[in-house]
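Each of the two complexes below includes chain A, the first together with chain B, the second together with chain C.
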Partner chain A sequence: MEFVERFKKSFNIEWVKLELLKTAYGKKETYMGQLDPRVIMIWYLIVSLLPWFTFNFVILIGLAIYTSVLALITRVSPLIIFLLAIGVIGELGYIFLVVFFMGGDFEAYASLITLTLKIIIMSIASIAAFASMDPEKLSDALLSFGVPAQFSFAVSYGYRMLPILMDEYQQIIQSFRLRGKAPEKAGFLKWKLVYYYVVIVIKAFYPMMLNTAKRTRTTVEALEVRGFSYSLHSEEAKKQKLSHLKIKGKEYQFIASSCVILTIIHVAGHLYYI
Partner chain B sequence: MKPIIELNDVHFRYPGTKEHVLNGATLSIEQGEFLAVIGGNGSGKTTLCKTFNGLIPNYYTGDFSGSVMVGGADVSQATVSEMSFRVGYVYQDYENQLMRPTVLDDVSFAPLNFGDPDFMEKALWALETLGIEHLKDQSIWQLSGGQKHLAAIAGVLALDPQILIIDEPVAQLDPHHAKEIYKRLKVLQEDYGKTIIVIEHHTEFIADFCTDVLLVDQGQVLWKHPVRQGLLQIDDLLKRDIFPPQVTQAALNCDLALDAHNFPITIEDGQTYFKGLDFMKRERESESHTQEKEAIASLEDLSFSAKTLSNERKTILNKISTSFHSGERIALVGTNGAGKTSLMKCLTGMSKPTSGGGFIGEHSFKKGSLEGLSKEVSYIFQNPEEMFIQDSIKNDLTFFSHSREQDDSSFIEKLIQSFRLEEVLEKDGRLLSGGQQRRASMAIGLATNPTLLMLDEPTASLDVQSRKELIEILQDMDSVATVLVATHDMQLVAEWATRVIVMDQGEVTFDGTPREMFEYGHVWKRAGLVPPQIVQLSIELGMRPAALSVDEFTSRIKEGIPHGVC
Partner chain C sequence: MGMQRNEYTQSQKMMVFILSMSLFGLANLFTELLPEFTIGPVELSISYLAFIPLTLVMLFNPWYAAFGASVGEIIFGDLLLGDFGGLGELEGFIEFTMAMYIAGLLVTNLNSRKQIAIAAIVGVMIDQMLSTVVDVGKVWFGIEELEAVPGLPASILAIEGVSFVTEMVISGVLFGLIPALYLIPKLYGKIEPLLGIEPREGRVKASMTEWVSVRFVIIAVFLMFVAMISEFMATMDINFAVWEPEFLEQFGEGYIWLPISAAAVIFVTVVIAAVKFSKSRNSTKSRKSA
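Moving on, here comes the complex of A and B:
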């Protein structure tokens, strides 16, 4: 029970909130975080597409290790890794069950594993790329790729609203609990308690959305006053907004080293084909 | 000199409504004024100010007639974006006008949108002018209320407009930070020649900082006077539930032959005006009789700490030990971030103490669940909207008893009557006015029939009339439950509380009666509090102990006539 108590103490809603915020706002000083966001986005596209052109197990393992190392460098939050791990373990378990009941042999299993590995590489690459990028950079990169300004602004505004929404949501849930009543008997596997929370979590959603919607009236007006709609049609504004994006030595270094590593992985894959 | 803003017979009706909000408003404002716009609820103050920057009629395309000239240009011919170079607008809910994740990003947002190559310099200039450069790399959501407000002002200042409009600058701030904001605005007016327009009903601030006052009534401009003359139109003000500064009220109450021209409006005025008066000593209040009363809750070494973004543990509450007794009216005071809300959250079970704890009834703060503690404790959120979790006030009121399958209908009926909620029962709480929302949220909190009722900043952003109503409700509350109020409103503390707990950096630095607290200057100074004007005046006049209300002040005048009269 001691362990359960400690677990409850350190892993609660507060912790989840903090981890999400850290993922969104923290670490600008990491290696990937300092690079030009456009380079990272292109890198991400390439690395997440590469696995789909090969069935070479060595290459896939190589890519998985490469992306994992980069993800480690960017110090991804344990929460995100935990979520990813759950996904992967679930996937493997599910493959195992399917293969077992359908009477497949090792061959079938291996091919499904390959598929899983590809998905893992994509996920880790996206974690490495997006967790290191702060939302502003992401939004600027999208803008420079020609995505409409409304959309790229929505990305950065979403991040700005995230903590507010989470606070609001948490308080509404607490408001429900403050006036509600938890079931006295938890039931088999605490299902009654779980049901009680699930209902609250769903119901709390509506007041949160209504409260937030009410607040955005000011936001919409202020967007107008602060010239946002003007900037949508102004080339000059876009140019100024993106003026800080520059590809310099660091970026070239990154591009070069990525090319070298990816080539080595591919060459190694063909030499030591399993 | 040509006025910078000129309105001539302006009428306006919002689309989809029947009544005109502006009914022939005519006014002129000179450059360099520091103007306070006052008026009762729904008099059209905000709507009037929105014509200055062209939101009306260019953004709200209602029924508009009349002319608005700003800096010599006709507003109806200009776009909203063009106008924002001349007029900056800071909303009452300024948090929602901050769009970007960090301060510098947000402040440079407007110049950047207009494609200004010097956007960074302009943003830095605005931050520097307001003295908040050190915040430039902070995330918006990490800022305190006062800092956010300054950031919002910097955001409109970055376009270097001639005119700044600020809607209720101090509604959500503690008096210390409120004063800070006004001081910065004063600098903008005096040193940079800006025209500052505030919508304000705190007459103390108007007296200290503004140069002119404009009274709006039913969509018309009733008058515009220099500040002293304006604030002395007592009848006009009182009719609209605007109270003159406390020193002015004191002078009015004096029942002496008074010279209307020398009426005091600031503390300095008051000092010369009331000089030479002799005050009756006040008997020490009989030792607080709370000891005999039954203790309803006790806190023992309650500590609370939380993790910050940088993974450090920060102590928020440090070993708090005290007890609450039945029938007490407790005010919990301290600046933003002193730990008031955290303490309340620990008492409701929303946060668990990291060490120590205590009991209320049979429930432990440390081990008890939120649902268990809520039988004894009720907490009313600072933002009333967070209390509205059902689609009508009626359902919100009965939520507690329904979830417990109790029949409380007669009790609920009584609450509805005493909080005058009959008319809004079927409405969603979010659609009510500020005062109604506050009343409803209090009724909802009381519907759980608690022994300890806690309110977080109940008077923040309330207009004067609703505030008065709220205090009346609070006066009757002590027969029902022990009330704990976290507040910045020192007038509420002085006139309502029987006990004050001062918090500073997570520790209790004082626990006693309001009179004692205001007596000990070092206590409130250290905690960053600002006593009500009448208390400050009494202290300056050497009155011991200081008077807590205007009535007390005047009733204790023993002899002599105010200096200012002769």
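Moving on, here comes the complex of A and C:
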């Protein structure tokens, strides 16, 4: 049933558009969202790498619970949780099924669970860290870690251009549909209809590519007039852009509490080894 | 081809980058929300509209187009959707950028449909092979006693094999090769002037050295793929001989890691060498032109 629901929703373009805009521009005033993005990124790196250095089940479960609690605090969008759940459940069920047919026994599942736990910890940690983070904040953090400035520009650009691009693509598709003729009979499993839409989706990229090329040139020329390339490589411009990043009391609290919790999890793991 | 790459000005590089990023990002928004059909072991899903980066990589400078496409995927498909995967994204980013870059380098004559077709298929294949290698590696690294679990290595191989084939058919041919063959002849010579760039010359051939390094990378990827899979098969064999404990002791666990780490080292070295080589070539050329 979930599949049918998702299918119906996916084919309602308006819904998709609204949902996307909501996720991209929604308010993100959560606990993790308010912290300095650099601290969050380092936290994420540590937490997602830790599970790969251990096979201790207690530590893994502790980490999973810890990241889940943080993810719950950050109030993640239901769409994202839904997509993640579908992915994990599908993957798990699928692996179990194949192992079963290949003649595996319960032991196979047990060791698979360890692996799945590790992957789950990684994805929950990334949700907790990044779902509530403003994309521009994230790009600032990356910039301060030395990622090329082009990336941080691309984030800002995408953030602003997304609605325009989506509108334009939708309009091209609508005009294709206006001038075209949908198949009268849907055929077996509606394949004729699916084929009709697939062809439109692909053909619509022809005008889309040309239009985007024109717009891109305008954008870049406007940027160059303001000395954009120069600012990309200027240390001073970078410093000014990142001056708002500061580590204060809140961040210190977060760092201290994470250290304590991670230590407790590891000590517990070594005391109660299963 | 080498000469052409150097003709790009700073703003033209930026234009190609933004163009590729916006288009592939938009396509990713779209595919991210498409439903997946799962029929038993076969998962039919469109994981990406490969024809967009393939087209751009062949029409423009392959590096900036490939890089832009990967950035677009991360920004539109993940970051703006609040679905940023952190380290997992890095893996896909490297795989995809490299695959598309190679696809772009392979084409020397845009009027040849054969070349376009080969480059498109090779591009998607490299991406899929690399991701298979990484997936198998993850299972290897993440499970303590893989050999001790009967049925598991075979299952993982079966899953990866099926997904490789379906990905090649759906992403590689249906949404890669065929649309690219439709779009490239239509766009060639039309889209470049919009950015103030000369169309890629049809008859310019890549210099021998460039070809060699591209081939090296392709072969390295392929060898790594083969090495990983065959070593994985070897794990299965040990698995069948599980009632002969001496056999395990004789080889030990380290034995498995030897060839695979050798393959990895060779692979990394080749990539670094190729990158350094092309960089030094570029710098000598720019010095000459200056």
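Convention: the second predicted complex is superposed on the first by the 254 of 274 C-alpha atoms of A that agree within 3 Å, B and C clash if a C-alpha of one lies under 4 Å from a C-alpha of the other, contacts with A are read in each partner's own complex, and residues count from 1 in each chain.
Assume a contact is a pair of C-beta atoms (placed from the backbone, for glycine too) under 8 Å apart; a residue touches a chain by one contact, two chains touch by 3 or more.
These numbers come from a predicted model, not from an experiment.
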Consider chain A as the common anchor and indicate whether chain B and chain C clash or fit when overlaid.
fit
I'd like to know which partner A:F55 touches here: chain B for first, chain C for second, both or neither.
second
Figure out whether A:S123 sits in contact with chain B (first) or chain C (second), or with both, or with neither.
second
Could you tell me if A:K250 is touching chain B, chain C, both of them or neither one (first, second, both, neither)?
neither
Does chain B (first) or chain C (second) touch A:Y44, or do both, or does neither?
second
A:H270 in the overlay: touching chain B, chain C, both, or neither? Say first, second, both or neither.
neither
Which of the two partners, first being chain B and second being chain C, lies in contact with A:K190: first, second, both, or neither?
neither
When the two structures are overlaid on chain A, which partner does A:Y169 contact: first (chain B), second (chain C), both, or neither?
second
In the superposed arrangement, which partner chain does A:S231 touch: chain B (first), chain C (second), both, or neither?
first
More chain A residues in contact - chain B or chain C:
C
When the two structures are overlaid on chain A, which partner does A:R160 contact: first (chain B), second (chain C), both, or neither?
first
For chain B against chain C after superposition, the smallest C-alpha distance in Å amounts to 7
In the superposed view, which residues of chain A touch chain B and also chain C?
135, 157, 159, 210, 214, 216-217, 219, 221, 223-224, 228-229
Quick one: in the complex, what on chain C touches chain A?
10-11, 14-15, 17-19, 21-23, 25-27, 29-30, 33-36, 38, 41, 43, 49, 51-52, 55, 68, 71-72, 75-76, 79-88, 138-139, 141-146, 148-152, 154-155, 158-159, 175, 179, 182-183, 186-187, 190-191, 194-196
Of all residues in chain B, those that touch chain A in their complex:
53, 55, 59, 80-81, 84, 89, 91, 93, 95-102, 105, 109-110, 112-117, 119, 139-141, 155-156, 306-307, 309, 348, 350, 369-371, 374, 378-379, 381, 385-389, 399-400, 403-404, 428, 430, 444, 447-448
Touching residues of chain A toward chain C in the complex: what are they?
3, 6-7, 10, 16, 20, 23-24, 44-45, 48-49, 52, 55, 76-77, 80, 83, 90, 94-95, 97-99, 101-105, 107-108, 111-112, 114-115, 118-119, 122-123, 125-126, 129-133, 135, 138, 150-151, 154-155, 157-159, 161-162, 165-166, 169, 201-202, 205-206, 208-210, 212-214, 216-217, 219-221, 223-224, 228-229
Interfacial residue positions of chain A with respect to chain B in the complex:
14-15, 18, 21-22, 25-26, 134-136, 156-157, 159-160, 163-164, 168, 171-172, 174-182, 203-204, 207, 210-211, 214-219, 221-231, 234-237, 239-241
